[in-house]
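Input: structures, listed below.
In what comes next, subunit A is part of two complexes: it sits with subunit B in the first one and with subunit C in the second one.
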Partner chain A sequence: MASIKLNKITSVWIISVLLLFIVSIVLGILMRLNQGEMISQSPITFYSNMTTHGLTMIGIWFVAGMAAVNYIMERYVKTSYTVNVLALVLTVIGILMFWASTFIGHFHSAWTFLYPLPFKEMGSETWATLMFLGSLTVLGIGWLIWSISLMTQILKKYSIPQALAWQHLRKNPTVETPPFILISMITLIGVIACLLAAVVLLVLFYAEYFSNGNFVNDALLMKNLTYFFGHTIANEMLYLGLAVIYELFSEVSGRPKWKTTWYVALAWNCTLVFILTAFFHHLYMDFVQPQGFQIIGQLASYFASLPAAGVTVFSIFIAVYRTKIKWSLTNLLFFIGVIGWVIGGLAAVIDSTISNNIVLHNTLWVPAHFHTYNAMGNVLFSLGFFYWFSIQFSDKTKIKKSTTLTLALLLIGGIGFLLAFYIGGAESIPRRYSIYPSELSIGASLATIGAAFASIYFIAILIFFFNISKRCLKILFSSS
Partner chain B sequence: MFKNIVFIILTISFLKTSSAQTVSPSLKEESDIYEKIYDAPLILDKNQPTPLHELYNTKPLLVVLIFTRCTGVCNPFLLRLKESLQFKAKKDSFNVLVISFDPRDSIKDMNLLARRFALEDNNQWIFAVTDSISKLNQSISFYPIWDSIRNQYDHDALLVGVNNEGYITKKLIGMRGGHDLDLLIASVNNVFSPTYRLPNKKVLFSCFNYDPKTGKNKLGLGLLFIALPAILTVLILIVIGFSVRSKASELEESS
Partner chain C sequence: MQQQSIFVLFLVLAGIATIVFTYIFISSKKAAAEEKGMSNPLKKRFWFSLILFVILCIFITATIPKSPYYLFADETPARVIHVSAIQFQFILSEKAIDPVNPSGESHIELPINELVEFRVTSLDVNHGFALYDSSNRLITQVQAMPGYVNRLRYKFKDPGEYKILCLEYCGMAHQVMRSSFMVN
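After this line comes the complex of A and B, so read on.
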């Protein structure tokens, strides 16, 4: 049973995430409007906004997943409230430092901050690079401590093989590992690995920054480390959401609790291994990278996504097919989110196939796929949790007409917004252009359409924000 | 007859010495890359001057700088280039423009030179002079020095690749092998050519170390850094796993 303190801090996480999400959506819409030539931003403003939008989104949906996992984990093991607060404080400080580097210092080398871009001032303030690297350090420390703390709590109750559900690969396991614990453990290991990659990356950045030109980094090493961190964390945060779904979907649907089977255990263990090498698919264009790594990148992209997606879709399908279940906004958001995750995942697998990547590399197909499994996948996982959390202390669980309208807005806005990206990708419109040259005028038209649909999505999010935050504020200021 | 024998002996001797001296790549080759070549008015025959852009707009160019009175590298350089290009698979994808940088040379001298190399009827080879040679030289950083004692220019054997938009895509200094010419031809046709960073003492953690002598990449320390996060994670997992379990068993024993 969650303590009052945990309820309160989870409320703070939810309100903070939704607030930052609103700001980030506004930045995204402004970027699309600029690409559509409806407004005019300077290139520095555009790329600063792109950097803020990207890293803020990654950050908030990662912490949203972590906060949800932390909250539900209390059902199985005792978690540390102090570490939870520390993570919140460091996240707030980190975000403020990061926003200072972009909004005031005009740092604009995208959230992937590919080496050597952070060292090229190109119109940003001299201090902005150090502030940006500092913000990543603060965020990374907070998240690493949080992840290690949660993993430690799991290991206090379950041994390593039990936490990874290896006993389920044999017949008649004596100890049962709940799917939530298995997926959380798998994900936390991946999160720790990618955050350690960020540590190595930051140390190398600092070493060059303070060496006065006596030490220079290897661009290939920095790119590998950047995507080890970036690609992996972007995927792991999805798995945090899936851990929550495995725990809550059956519960809110009034169905028996899902159990770990041999294929669930096998699929998630495969995901643990393969997700750590799938990032190689970001380096297909780097001819110096050995061909073996490129092949590993393609195969790992398949093997990391297909087993986890397969068992999750199978479990959800079995749960809803010809079964009378209690639909609520929570399981509807989970259900739609899984569809979004699968569609985005398929688009990602298409792009990670070397023969396709030659055509799709750095086109709008890339933002198309990651916005699909984030905006229509992971965001819905977390919104489902936020909604479930906020109504726990009230009786309003039925779907109202206004809820149906909100969902319709979310779907129409989301699908239209994503289609503009997909069509752009299929038309080979490059990504990360602040404005399109006349030869790519279709990119500008699609950007305007994308901005219009994103605004509809934004209205739905505002309604969610208003409703969920109102309830979370009550929890925050209640005495019991 | 005597002239021809002397010419052949000189050619062979220069081929040997200059190829030994000029194989190493020079940083001079890196200057002016992706800069536009000066659009000089060229005299190709007795008609009106032809602007250089008309040639490169038609086909990408390999530009050769020589002078007809040269007793040094010019003749072996041209001969070697002619021989090397004969066997290139995509030789229709570019033209070779031979320009004299000596103001004393006339188009008549250049035509004689073309005849001497049996290139006068070869449409791929264009021989020209220009009255704007200093501007052209400046645009490709080519600076011949007049030696009044020898009555000769001291100059590099320079080959410049120019794509069909007039951009300098690659430069080769000295008589170079077939692979370098392949890269030059690929570059003027806007085909990607891989390049490797030369060894640098400031880069401590390279994933691969390129050896320019052998042209091979060796594994570097940087690769270990890519694996480091995964190794550290496994170590952290094992250490935490065992420490919390041993603490738990200690507590059980004491209670």
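After this line comes the complex of A and C, so read on.
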């Protein structure tokens, strides 16, 4: 049972995430409006906003997943409240430092800060790069401590083979590992691995920064490290959401709790291997990368879909198909989120095919697919948790007509916004262009359409924000 | 064109996924309290996973040999063009480019239906070297990475002006970094 302190800190996480989400959406819409030539930003402003938008989004949906997992994990093991607070404080400090580097210092190397661009920016303040690296260090320390703390708590109760549910691969296991613990453990291993890669990356950045030209990094190694970190954390935050779904979908649907079976255990252990090797697909167009890694990239990207579809998605099918379940906003958001995750995954698998990637890489197809499984997948997983969390202390659980309308706005806005990206990708429109050249003017039209639909999505998010935050504030300021 | 086929394939797959999920959702809404859901779920899960596995294997077998690393790998290029990318321009030359005093040729003409090899590097940050045909369609690309030379091989099938755009974000003037050459 969650303590009052845990309820309160989870409320703070939820309100903070939603507030930052609103700011980030506004930045995203401004970017699309600029690309559509409806407003005029300087390139530096555009790219600084792009950097803020990207890293803030990654950061908030990662911590949203972590806060949700932390909250539910209390059902199985004791978690550290102090570490939870420390992670919150360091996240706030890190975000403020990061925003100072972009909004004031005009740091604009994108959230991927691909080496050596942060050292060769033009037009930003001289301190901005160091402030940016410092902000990542603060965020990384907070998140690493949080992840290690949660994993340590799991390992106090379960041995490593038990936490990974290996006993379920044999007949008649004596100890049962709940699916939530298994998925959390698998995800935390991935999170810790990618955060450690980020530590190495940052150390190498600092080493060059302070070497006065005596030390120069290898660009290929730095790119591998960047995407091992960036790709993995962006995907692990989805798995944090899935851990929550495994725990809550059956519960809110009034159905028996999901159990770990041999195929669930096998699927999630395979997922760990695939998720840590799929990042190679970000380097397909670097022909100097060893070819074995390129092939591993495609194989891992393809086969990552097998456990996801065969186990998680199929489990949702089984749970819902011809089964009378109690539909609420929570499981509806989870269900729609899984559709978004699947469709985004399909687009990702298409892009992870090397022979397709050569005409899709760094076009709008890339933001198309990751916005699909984030904006219409992971965000919905987290909103489902936020809503469930906020109403568990009230009795208003019935779906109202206004809620259906909000969902409709979310879907219409989301689909239109994403289609503008997909069509742009099919039309060879480059990503990360502040404005488009005249021969690619269709990119500008698509951007305007995208901004219009994103505004509809934004209205839905505002409604969710007000409803959920109102209840979270009550929890925060209540005495029990 | 490849991009259009990809887009159609995606729409079909996304449509199938949406229909399946909608059908399953409706089946739940219509279900009576005593209905028992899916029969033989383990067997169905097995077949679903097996079919997916076979489809993935077919796609892997069909697509990996078409990867750019293997295209024209055994042929000798008729022309070699050296490319150095630098914020925010492309330098193209038939001769090797001096990284200290980089200079190239302002006008490059390439032959049609003959193998051309671009030896692409960067003198500062990562850039993209993306070729667009006269109908503004991305036809091939490679990255320009400092300290490395990526070799991109291509046979141009149509004459005309081809544009080079930077497809790896490289800073404040990334969107105007471009060049072009003629194919005759």
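Throughout what follows, the second predicted complex is superposed on the first by the 478 of 480 C-alpha atoms of A that agree within 3 Å, B and C clash if a C-alpha of one lies under 4 Å from a C-alpha of the other, contacts with A are read in each partner's own complex, and residues count from 1 in each chain.
Everything that follows uses one rule, which is that a contact is a pair of C-beta atoms (placed from the backbone, for glycine too) under 8 Å apart; a residue touches a chain by one contact, two chains touch by 3 or more.
Treat the numbers as computed from the prediction; the structure is a model and nothing was measured.
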Practice task
With the two complexes overlaid on their shared chain, look at subunit A and say whether subunit B and subunit C clash or fit.
Solution key: clash
Practice task
Scan A:220 for contacts with subunit B and subunit C and give back first, second, both or neither.
Solution key: both
Practice task
See if subunit A has more residues touched by subunit B or by subunit C, and give me that chain.
Solution key: C
Exercise for the section: Quick one: classify A:287 as touching subunit B (first), subunit C (second), both or neither. Expected result: both
Exercise for the section: May I ask you to decide whether A:271 touches subunit B, subunit C, both, or neither, giving the answer as first, second, both or neither? Expected result: neither
Handout entry: Partner chain in contact with A:101 - subunit B first, subunit C second, else both or neither
Key = neither
Practice task
For A:435, select first, second, both or neither according to whether it touches subunit B, subunit C, the two together, or no partner.
Solution key: second
Practice task
Check the residue A:91 against both partner chains and state whether it touches subunit B (first), subunit C (second), both, or neither.
Solution key: neither
Practice task
Go through the superposed model and pick first if A:200 touches only subunit B, second if only subunit C, both, or neither.
Solution key: first
Practice task
Would you check which partner chain A:189 touches, where first means subunit B only, second means subunit C only, and both and neither mean what they say?
Solution key: first
Problem - Partner chain in contact with A:52 - subunit B first, subunit C second, else both or neither - result: neither
Practice task
List the residues of subunit A that touch subunit B in one complex and subunit C in the other.
Solution key: 218, 220, 287-288
Completion exercise
subunit B partner, complex, touching residues on subunit A are 148, 151-152, 155-156, 159-160, 189, 192-194, 196-197, 199-200, 204, 213-218, 220-221, 224-225, 228, 276, 287-289
Fill in the blank from the handout: The subunit B residues in contact with subunit A across the complex are 194, 196, 200, 202-208, 217, 220, 222, 225-226, 228-230, 232-233, 236-238, 240-241, 244-245, 248
Completion exercise
Note: in the complex, subunit A contacts subunit C through residues 43-44, 47, 108-110, 112, 114-117, 120-123, 218-220, 223, 263, 285-288, 291, 294-295, 298-299, 302-303, 305-306, 309-311, 314, 317-325, 327, 335, 338-339, 342-343, 346-347, 350, 353-356, 358-363, 422-423, 425-428, 430-437, 439-440
Handout entry: Residue ranges of subunit C touching subunit A (in the complex, touch as defined)
Key = 2-4, 6-7, 9-10, 13-14, 17-18, 20-21, 24-25, 27-29, 31-33, 35-38, 41, 44-45, 48-49, 52-53, 56, 59-60, 63-64, 66-69, 87, 124-126, 128, 130, 132, 136-143, 145-152, 163, 165, 167-176, 178
